[in-house]
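Common to both upcoming complexes is chain A, partnered first by chain B, then by chain C.
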Partner chain A sequence: MTRLRTAAALLAVIYAAAAAAAFLAPYSPTEQNRRFPFAPPMTLRFVDASGRFHVRPFVYSLVPRANTFDVYDEDRTRAHAIRFFVTGARYRFAGLVPSSRHLVGIDGPERLFLMGSDEYGRDVFSRLLHGAGISLGAGLLAAAVAVGLGLVAGGAAGFHGGVVDNAVMRGAELMMAVPSLYLLLAVRAALPLHLEPAETFVLLVTVVGVVGWARPARLVRAVVLSARTRDFVVAARSSGASNTRVLARHVLPETTGVALTQFALLVPQCILAEVTLSFFGLGVSEPVASWGSMLADLQRFHILAAGHWWLFSPGVAILAVFLLYYAITDALHQRLMLRS
Partner chain B sequence: MVPRALALIVAWCLLDPSGLVWTHAAAQQVREAELLTTSGEPGRFGGQLTLTQRAEPRTLNPVIAVDSPSREIIRQTVGDLLHINRETQLVEPALARSWTVSPDGRRLVVTLRKGLRFSDGDAFDADDVVFSFQVYLDEKIGSFQRELLHVGGRPIGVRKIDEYTVQFELAEAKAGAERMFDTVAMLPKHLLEAAYAKGQLAETWGLSTDPARVAGLGPFRFKEYVTGQRVVLERNPHYWKRDSKARVLPYLDRLVFLPVANEDAQVLRFRAGEADAIARMNAENFDALAREQAGRGYVMRDLGAGLDYTFLFFNQNDPPATAGVDMPRRLRWFRDTTFRQAVSAAVDREAIARLVYRGRAVPLAGHVPPGNKRWINASLPAPVRSTARAETLLRKAGFRRTGDEPLVDPDGTVVEFSILVASSNTVLRQIATVIQDDLAALGMRVHVVPFEFRAMIDRILNTHDYEAAILALGGGDADPNAELNVWLSSGPQHLWRPAQPHPATAWEAEIDRLMRAQVGMLDVGARKRAYDRVQAIVAEEVPMVFLVSPNVLVGARAGLGNFRPVVLDHHLLWNVEELFWRTGPARSPQ
Partner chain C sequence: MRPLRYLCYRALHSVLVLVAASVLLFAVLQAVPGDFLDDLRLNPQISPETVAVLRRQYGMDEPVPTQYFRWAASVVRGEFGFSLLYNRPVGPLLRERAINTLLLTVTATLLAWSAAVPIGAMTARRRGTLVDRATGVAVAFLVAVPDLLLALVLLLLATDLGGLPAGGMVSPGMVSGAGWERVRDVVTHLALPALALSLLLAPVVVRHVRASLIEALDAPFIQAARAAGASDRRLVYRHALRAAATPIVSLLGLSIGSLLSASIAVEAIMSWPGMGPLLLEAIHARDVHLVVGVALASTCFLLAGNLVADGLVFLVDPRTRS
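Up next, the complex of A and B:
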């Protein structure tokens, strides 16, 4: 139980960070600093060159090394203290409240690269936070769509039986037989390529959600089938309750355990699906950041060869999120087992 | 006398037709033909050169091949009458021993080398030349060479004078007319005549053709094709060039082409030693390879400014029938020269050269890159990025912007449009990202849309269903005539508004007049002045926003003799007959 609570709490923190990305990120995710491509992460220091301890952490400026493209040296003569609640790029909190305060930042024209920069000099940390919003948000919504469709389809199939059951289940089997990755790519490629970023997001959610309804549907159907014959359902029927009432008040609540477990299992899969689409260039387009499009850069040989390790950070973030979700799924599944 | 003749006959009968066994007598036989002697370093015979291609070839037919993998392979198997030396950029005799041009510039007489043979042993003479040109000029076949063999609106006339002499007649004088013959492959009449008579020439010589039925005059001949794996060319035993020691070329036994779809995969294969040479790579990959070249046994070369140029251009056609409401409004912006000049002033070319090409590119003011030293208009000012100037130009054109709000046009519509780029080309996508940010500083909302290349070209040239696009052109020949199709308003490659029945604007009409005039100018000074004027008009009216010209970057395994890569296409294989391996048994057969 504590494992479930801890994992859920950590995930909530991550989601909150994604929602507050514009405030937590020092810069806009699209701001290019063309003099600093592939800058490495700046080291936070407490002790300066002369050995003095500072309570407030600071960083040294980065100076590009002459005649190189992406090699930098620290300038020990120029230190910048980390400041909190600095004024920076304007944004709209939750799309409504305009603000220009950011949690961290440094003075002066120099930039604070907490996790380094990409090839256009864009701050990777800012892009990671904003990308979390896209990838995690799309994953969450798509999983909700998939489970929602699964509830409707599985509920109808299990409750009414007969032709409906047959049709829905054969459809589900067909969806499950096709390898999901190729189905995803095919569906995406069949749709118009030129879309506004907002439309692309909705499209991603829909595509990923629709591809994933089959498994939840089958499980929901199994639960509904067994619930249909339970004593309290028969009792409700015989006392004159309509089909809808029986379904809504007596049968569907039985499926919550399965639905929640499936949801927890599907979210990481949907996140991965969005990341895969963006990795192949079929998801969000430039300059919007998503964990998938950030990882797409790693397909290029020279980035691996040059050892720009901070560009792997979205991969590490995905790993962390997945582990937390699997911990939740595990705990939920055990609770389900114990209950039944 | 008789015993020697007998020895000749016996030896000739024993000659292995694959060319792997040379007899003294056979060499003597070839020596009686008029061979061309090359000036490269004499080398060692043997070995194989492996190259990678971005896509699989589609045909071996020189008449209809348009895709670059097919043309790259075909180029090694065919010969032309007159050839542009890729190193000196001057025309040299090739299959022809010499040529003369009449004083009025309208008649060209070409004398062929005697005793030459196709790769299957059949003799080459004027009949093959006449047949080849007949095929290329045939309207029904529609070879892309056909356009290039028209002068003054009429196809060139071809007449056989005798077995080794052919006369060409032009409707009017054309400057550099002999450059027309470069890469026009001579076809074997004995193999293709029957198919041509039946109207099936376009379908012959596909990749599954029996190698014995394919022949040409190039240094190599087709040997085998394994689907999805490789194309193998073997040495042509009847090649018509020899080195300074009178040994018949080429030195290499085999050329192998491997299909590798993706540039990063090509780089990895080259690095692993599975490919012997690589051309046309990104600056980033070049730097990554160059860092390790000493230890890994290959040589990377930056050849400096090339002939390619990249550019952003806008759709200036009438809106297509399928357009919604937005596109006609946007196309009105694009037809405003001041709008285009503003975009050009806002683009940070120096950042593109630095970030995308790692400094291995040159910012461009006009369409002739600095690599084309002979034809560039040196008086054009270098491009200077100025967001302030861009904003002034936009205000002059009636666009308005308050503070950080988006830019709006005189009717109050937000300036928003999409730029198409080929999805397979990471470099052009990166350029688009930089430009997107540059134009965001002006308040324009720009979307970058990666598109499959062929679908994109279809939209640009046929359906005109696009707003802006980024492309690259060039590389063929430094001569202005190579780009007639782009600058003539009636040209099919006049990208922003192709195939116009009449020039849409005064400046396009002026460019038409100048380009047509320079075709017939035989005085080089006059031609240069006319072409300088064309460049000035283009830089002023900005039909295309010229960005940068990338350097040509190549690499090859160490120990490749006569490796002298050039800025013109084909950077690596222009002198393939002279390439040889200095050490070792090179490679065992694949």
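Up next, the complex of A and C:
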């Protein structure tokens, strides 16, 4: 129980951070600093060169080392204190409220790289936060689409039986006969390659959602089938309730448990689907940040082999989110086991 | 006689699924705006007339049903359509890549299962001990690791530590080699992707083996065997494992889909010339026949794997034979 609550609370924090990315991130995800490619994460310091302690943490300026392009030294003479609620790039909070305040930052033209920078000198921390919005948002919406389609298809199949049932179940079987990623890629192949970022997002959600409907549909159908013969449904029918009313008021509420567990199981799969598509250049692409498009940089061998470990941070973020989701599904599963 | 009939029924069913899948894929893929010739259209040195001629030559101006039946006829000839990207029939191309994917996935499955079954048995026997809990934590962690991240990290480690070739299937000088040298070369190239894939597969198997064995160990016949003086080891490996064999073996069938999916990422990142990279290339080039071919081949693998797993269940569980 406590594990379930802790995991859910931590996930809520992550989703909130993704929603408030524009404010929490010091910079715009697409702002380039060509003088600082592959800058390592800056060290937050409290003690300065003369040994004095500061309550407010600070960072030193980075200076590119001569004749290199991705090695930096700290300039101990130029310290920048970390400031809160600084003014920076303009954005619209939640797409509505215009603002230019950012939670953290440093004064002057220099940049604060909390998690280092990528090959164009873009702040990885800012991109990670903005990418979370895309990757987690796409996962959530796609899982909702999949479960929604599953409810409609499975509900119709279980309730009406006959031809509808046969058609839906054969369709589900067909979807599940193709290995999931192959199916996802094949469906993606059927759509235009180059699109606007917003279109791409809608397309990703649709593709991932449509590919995932089969399993929830089968489970929903089973629940509906058994619910249809229960006494309270028969009672509702005998008192003259219409088909629609029986389905909406008495049968579908029975599927809540299945729908929710399927949703919790599907979200991480859908996140991974978005990440995989973007990783292979079939989803969100440059310069928009998603966890997949950020990891895609590592496909180029010289970037991977250079050992810029902070570029792996989107992978670690995915891992953390997955661990939390699995903790939740495990806890839900155990609870259901105890109940039965 | 009955199992044979069942097998025939399943095989027929698989063929029907494949036909349905091919119709669906074809319909969806042909409905797309844009085709393989898009890049040529953008080239100012190629006239629209040339593109039109090419379209006619490739049969792309015919109605979709006609195109489908022409494709189906080429399947019968073993060609599986024509790849515009590679300028050769899809069939032979697919066969090469499918064998490589098969080599990788079968090796990884063998590796994963031969490590996971003893580990699962060990943790089931020592339920609740420190070893069991530590393994449980490690397994829970590994299950959550995304395939992309694992493949990237392993590739980075391999390049840092050296020793293993980082990508590809044969060394540049070995392309035309033959015999023992070539086998050794392929095996060293296989090590890294096979390790990555088995690390993705093994934790699921460990969990499943442990759960199935624990259920079997709770059965009364185990108590009886214990009372008769059977050793702990004999109890697990001789009695419980046999009773748990059916659920364990059926996981083999269930895991093939995820194995093939994970294989795409590993193959693409480690440049293993399997079906995964081929599919990605085909999508980027809009090579419809190649996309359909690869997707159908993977479906074939999944269906065949399920048949094999069913056969194994049939072998280990005498109850299914009556």
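Following the convention adopted for this analysis, the second predicted complex is superposed on the first by the 335 of 340 C-alpha atoms of A that agree within 3 Å, B and C clash if a C-alpha of one lies under 4 Å from a C-alpha of the other, contacts with A are read in each partner's own complex, and residues count from 1 in each chain.
Here, a contact is a pair of C-beta atoms (placed from the backbone, for glycine too) under 8 Å apart; a residue touches a chain by one contact, two chains touch by 3 or more.
Note that the structure is predicted; figures quoted are calculated from it, not measured.
Undergrad: Put chain B and chain C onto chain A via the superposition and say whether they clash or fit.
TA: With chain A aligned, chain B runs into chain C, so clash.
Undergrad: Which holds for A:Q32: it touches chain B only (first), chain C only (second), both, or neither?
TA: first
Undergrad: Looking at the overlay, what does A:A177 touch: chain B (first), chain C (second), both, or neither?
TA: Once the two structures are laid over each other on A, A:A177 reaches chain C alone.
Undergrad: Does the superposition put A:A305 against chain B (first), chain C (second), both, or neither?
TA: both
Undergrad: Determine, under the contact definition given at the top, whether A:E119 touches first (chain B), second (chain C), both, or neither.
TA: In the superposed model, A:E119 contacts chain B only, not chain C.
Undergrad: Quick check on the superposed pair: does A:F69 touch chain B, chain C, both, or neither? Answer first, second, both or neither.
TA: first
Undergrad: Touching A:F322 in the superposition: chain B (first), chain C (second), both, neither?
TA: second
Undergrad: Have a look at where A:G281 lands relative to chain B and chain C in the superposition and call it first, second, both or neither.
TA: Both chain B and chain C are touched by A:G281.
Undergrad: I want to verify the contact counts: of chain B and chain C, which reaches more residues of chain A?
TA: C
Undergrad: Of the listed segments of chain C (8-16, 98-106 or 170-178), which one clashes with chain B in the superposed model?
TA: So the stretch of chain C that bumps into chain B is 170-178.
Undergrad: Using the superposition described at the top, list the residues of chain A that contact chain B and also contact chain C.
TA: Residues 193, 281, 299, 301, 305 of chain A touch both chain B and chain C.
Undergrad: Provide the residue numbers of chain A that touch chain B in the complex, in ascending order.
TA: Touch list, chain A to chain B: 30, 32, 34, 37, 69, 90, 119-120, 193-194, 196-197, 281, 285-287, 299-303, 305-306.
Undergrad: Applying the document's contact rule, which stretches of chain B touch chain A when the two form their complex?
TA: These residues of chain B touch chain A: 264, 267-268, 282, 284-285, 287-288, 291, 348, 351, 354-355, 358-359, 404, 418, 423, 426, 429-430, 432-434, 436-437, 440, 447-451.
Undergrad: How about chain C: which of its residues touch chain A in the complex?
TA: For this pair, the touching residues of chain C are 17, 20-21, 24-25, 28-29, 31-34, 140-141, 143-146, 148-149, 152-153, 155-156, 159-160, 166-167, 256-258, 260-262, 264-265, 268-269, 279-280, 282-284, 286, 288, 291-292, 294-295, 298-299, 301-303.
Undergrad: Could you pull out which chain A residues touch chain C in their complex?
TA: That would be residues 170, 173-174, 176-183, 185-193, 272, 275-276, 279-282, 292, 295, 298-299, 301, 304-305, 307, 312, 315-316, 318-319, 322-323, 326 of chain A.
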